[in-house]
Amino acid sequence: MTTRRAAPGWTQESADEFAAFVAPLSNWGRWGADDALGTLNLLTPQCAADAVASVVSGRAIALSRPITTEPAPDNPAPMLRMMKESGDAAADVGGSHASDWLGLGYHGFAVTHIDAHAHQFFNGQMYNGRAAARVSTRAGAGAGSVGPLAEHPPVGRGVLLDAPAAFGRPWLELGEGLGPAELDRIAAAQGVSVRSGDLVLVRTGRDARAATHGVTNPITDGSAGLTGDALRWLRANDVAVLGTDVQADVMQPGGAPFAMPVHTGALVHLGLPLIDNMALEELAQASAQRGRWDFMLVVGPLRLDRFTGSPVSPVAVL
Amino acid sequence: MTTRRAAPGWTQESADEFAAFVAPLSNWGRWGADDALGTLNLLTPQCAADAVASVVSGRAIALSRPITTEPAPDNPAPMLRMMKESGDAAADVGGSHASDWLGLGYHGFAVTHIDAHAHQFFNGQMYNGRAAARVSTRAGAGAGSVGPLAEHPPVGRGVLLDAPAAFGRPWLELGEGLGPAELDRIAAAQGVSVRSGDLVLVRTGRDARAATHGVTNPITDGSAGLTGDALRWLRANDVAVLGTDVQADVMQPGGAPFAMPVHTGALVHLGLPLIDNMALEELAQASAQRGRWDFMLVVGPLRLDRFTGSPVSPVAVL
Amino acid sequence: MTTRRAAPGWTQESADEFAAFVAPLSNWGRWGADDALGTLNLLTPQCAADAVASVVSGRAIALSRPITTEPAPDNPAPMLRMMKESGDAAADVGGSHASDWLGLGYHGFAVTHIDAHAHQFFNGQMYNGRAAARVSTRAGAGAGSVGPLAEHPPVGRGVLLDAPAAFGRPWLELGEGLGPAELDRIAAAQGVSVRSGDLVLVRTGRDARAATHGVTNPITDGSAGLTGDALRWLRANDVAVLGTDVQADVMQPGGAPFAMPVHTGALVHLGLPLIDNMALEELAQASAQRGRWDFMLVVGPLRLDRFTGSPVSPVAVL
Amino acid sequence: MTTRRAAPGWTQESADEFAAFVAPLSNWGRWGADDALGTLNLLTPQCAADAVASVVSGRAIALSRPITTEPAPDNPAPMLRMMKESGDAAADVGGSHASDWLGLGYHGFAVTHIDAHAHQFFNGQMYNGRAAARVSTRAGAGAGSVGPLAEHPPVGRGVLLDAPAAFGRPWLELGEGLGPAELDRIAAAQGVSVRSGDLVLVRTGRDARAATHGVTNPITDGSAGLTGDALRWLRANDVAVLGTDVQADVMQPGGAPFAMPVHTGALVHLGLPLIDNMALEELAQASAQRGRWDFMLVVGPLRLDRFTGSPVSPVAVL
């Protein structure tokens, strides 16, 4: 008999407690035992058709952070860029070309990316009760991969919840958490209602803070974000996709292993894809200018076979 | 004094001939000496605002091909997928996660990607007269990179030109080229007018052919595509972005070095970004069903620092 | 309670049978509970000092196969070579340089490499009873890594056992196995005695066969090699390192999952490092010419932190 | 007509001056116009046969630095280690294995590696007058690659010149250069004579200094090493291979572009392979203990197709 292994940041007790908390929020079986889309089921074509109503000027804003080759406190293992062809050799005569190669660990705290269900497990299972063992080093994400999300690209009504703006501050502090009450308060301050199937983007002001105080490392320095309780709010509002300018979960400073309840509950129990590390500053300014926090949002995950997610550059159309 | 080097597939004579042909089509200076957007200047917010008018059902279609780890005739050096964390180690208790790493040479004939200006040179220059030497192995694309295209994400009216459907055939033959006359004929058959700032997608039926005859290698087997003359059509219609289900250029079988005039003229002289290797089968069927070949199109290139392009999964909203 | 997982190619029954077979051969604890060198303990400085006696002409032969960027039946995911700097840009004036980058999965059937203890587990343990769980995707080989082998580079008396030469044939057939009797017969035919601490290299003629019949895939086509019984011979002769021109284990055609008893028993129970995919043709010819099958052998594994092995190019000095 | 480009750190004047200085030292044509071995021609089998005379105890010392995944001032882009298979999934029953993948830019200031001729150019040429253009991003080192060095593995008499020990200091200062007079003085202090075909290793005490003062970045902080004048000494003594615990060339602090005359002259004009970033501390202590600075040295470069060098772990046998 093998021993049961507890994940870093978890104990049997905390796992049991979380299991009890999250059980009533579960979407397992809601869209059938074979479902691989989770809350993207809420994102019907009608949502996309309705979302065009929020397009006024047609201004398009990219909601992704730059992906660089330079190490940073939030990016210790940055992208590799290699030139495969003709890097320095433009011919003097005729047409030549340069082609590069990308090496990218896109999860983590720097790169804007979408998490597929296979990114996260709880008690050895992923969304809809699939065995975590279907994800393996050799075969990749044999279930819960980004494939279905890429083939059913998220398009709908985006809603920005700008926490620091609603609180009259330039940014949230590291370690400051947002729960259901705070999320409702922000929506109310903005006069916006979250509807079933919305893609909700929560701004903590991470990049505004970094512009003043420098880039920080969420593991050692902590990070603003959502509390585990926010899962109730996400489920009650039937949010289709949650994007944040951080890693969704609030993190406390100190480098301890983190339980990441939002990641766990959203991906595993709600089947709700997350978009981490979004760039929301320009969208926040534009939304404030037009006094409107909803817009059309389009996300095109790469069709990476058997991956646990994908780097993305979501596009807001205002 | 160093010797002038001719690029593979080019001679001094053919380069001079092409230079004369393409000179009247040039957009250099049209949007200022510092411009880095090229024909994306044609893609105004108004284009995006107008494009929502073509959204009826809200159905979203991903226009990218799957990216696989398996070699294929059109993909000799496929993607690497590595599991960086917890690949096989879902904890029995609590939450754990799996994170993967992507190694991808996205140019070539398999992966759907956008070409930035820095991908292509002619006579040692790129779009707007920038020196090709600004692209280097060490520094990457010091000019003409995908950055500006990612920060100004292409959103507008997409128009599908379905060549084989217009010709009453399931696909074009390998080596079959489309020039201005053919492109006009397809538009007329479909009853669609191409307008300034459109994102034009040309289908050759590559994937339909491959489903029947197997995957081919464009270098040895040839490929359908646009002829160099099509550059006149692209310029006359002020197309903002050209996407194809091939590599834009028609290629003849035999493995000879290719001059790639569409790549050269579009990227260097017109400043027109290309999207290669798109998946257009589902869009073609949907367009035929609704008898309408225009739609809203959103492209979100990754903000890869100093890259010559980016893998993308464009999204059509119908 | 979690279920016990059987490795591909193994059942509880076959694992129990193997455990019983290999128990009397075990070196666990022989050199202390903390030992990380295994049979390299047999390779004393005196072995290296004695080995110089076998050097006559001073001819040095590299015993590694070329590492290429081209896919082959025995190498489906070949090396990546990227030029990081100045790839095409030698300056006209003064000194410039070109620097490349290596991407290499060196395990498998093509690249000459040494396997460290951490490469192989049996019933969840590796050499000296260490838990297999100390090897992880995140942390790499937390125990049993190539580090100790690289810091204690194998230098000593090499002995070539040239199986096809002893049998009067150009190569062994695919699927042909060598057990204790065959190994003794080859040594006798060559008039060589294997001694404690020797580095034994077994030639099957793989590359000679490939030169005539083409490169094969060991998984689908099978491969010559040692039988599980050969473990008795390796232990009885106290061999320090086993090198072969194949992957040590005989493999039968058909693509079935393989139990790999030589890998398992040598690495886990004997603590005996393996060198796979060696190039032994030139050494075989030279040995036959001088009528002597022993020589000085030097292996310099790379000091790759927490790796399960290393590519190597062993050097024979004759 | 294209403009002549000067390499960073060079001017037409300095290039002309260096060309005049190095001309009398050139080995171009010395071993024929087709030669690809350079000074390895001096390393005859007899050198290896003689070298065994310096083996007394048989102690083997690895002369390479650890290769780590952690960034450091001398290693900003460290090795990638990825687990390809079974990283966290040792089966409970039977034999399983773990296989990793290596991503390594081995040139630079951290990893012990051998430079092949193709690593360095002068005035657009490499050793024996080959055109630098034969090295390209697409094709790699089409000439001057590490291949011939790997197929003719350097084996012979190593001689350690321990500069700080001869000077009665623990290490050389950053920026401190060694020319012919200093090299002769060290040899005299040690009572050792350098002979044609020797592999000369020069210790500056880099790692001893780092153990006390921390790791430094040669580009910004400078580094001890050989002066350009040392090329005369290397040529006069017909050294076969030069290894150092730095990057051969002395470097001054400040981050300016460096001319690297030792790299240039040794690789291009003398055809002399360099081994950079060696670990020489243990060898220095052992040599002092036995009062003898020569030993048998074996280097096994990997047979990396069309590479400009290879990571190595040279082995000294004492």
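In this document, chain identifiers A, B, C and D correspond to the written order of the chains, with residue numbering beginning at 1 in each.
Criterion: contacts are C-beta pairs under 8 Å (C-beta built on N, C-alpha and C of every residue); 3 or more make two chains touch, one makes a residue touch a chain.
Just so we're clear, the structure is a prediction, and the values are computed from it rather than from any experiment.
For the touching copies chain C and chain D, the fraction of interface residue numbers used by both exceeds half; the interface is of the same-residue type.
Between chain A and chain D, the centres computed from C-alpha atoms are 47 Å apart.
In this assembly, the C-alpha centroid of chain A lies 28 Å from the C-alpha centroid of chain B.
The mean-CA centres of chain B and chain D are about 45 angstrom from one another, to the nearest whole unit. Chain D has residues 2, 4, 83-89, 92, 101, 103, 124, 136-137 in contact with two or more other chains. If each chain is drawn as a node and touching chains are joined, the picture has every node linked to every other. Residues 2, 71, 76-77, 80, 83-89, 92, 103, 136-138 of chain C are the ones that touch chain B when the two sit in their complex. Within the complex formed with chain B, the residues of chain A that make contact are 4-12, 14-15, 18, 44-52, 55-62, 64-69, 79, 81, 83-85, 87-108, 112, 118-125, 132-133, 135-137, 140-141, 147, 150-155, 259-261, 263-264, 268, 296, 298-309, 311-315, 317. Put simply, chain A touches chain C in their complex at residues 1-2, 4, 82-84, 86-89, 101, 124, 137.
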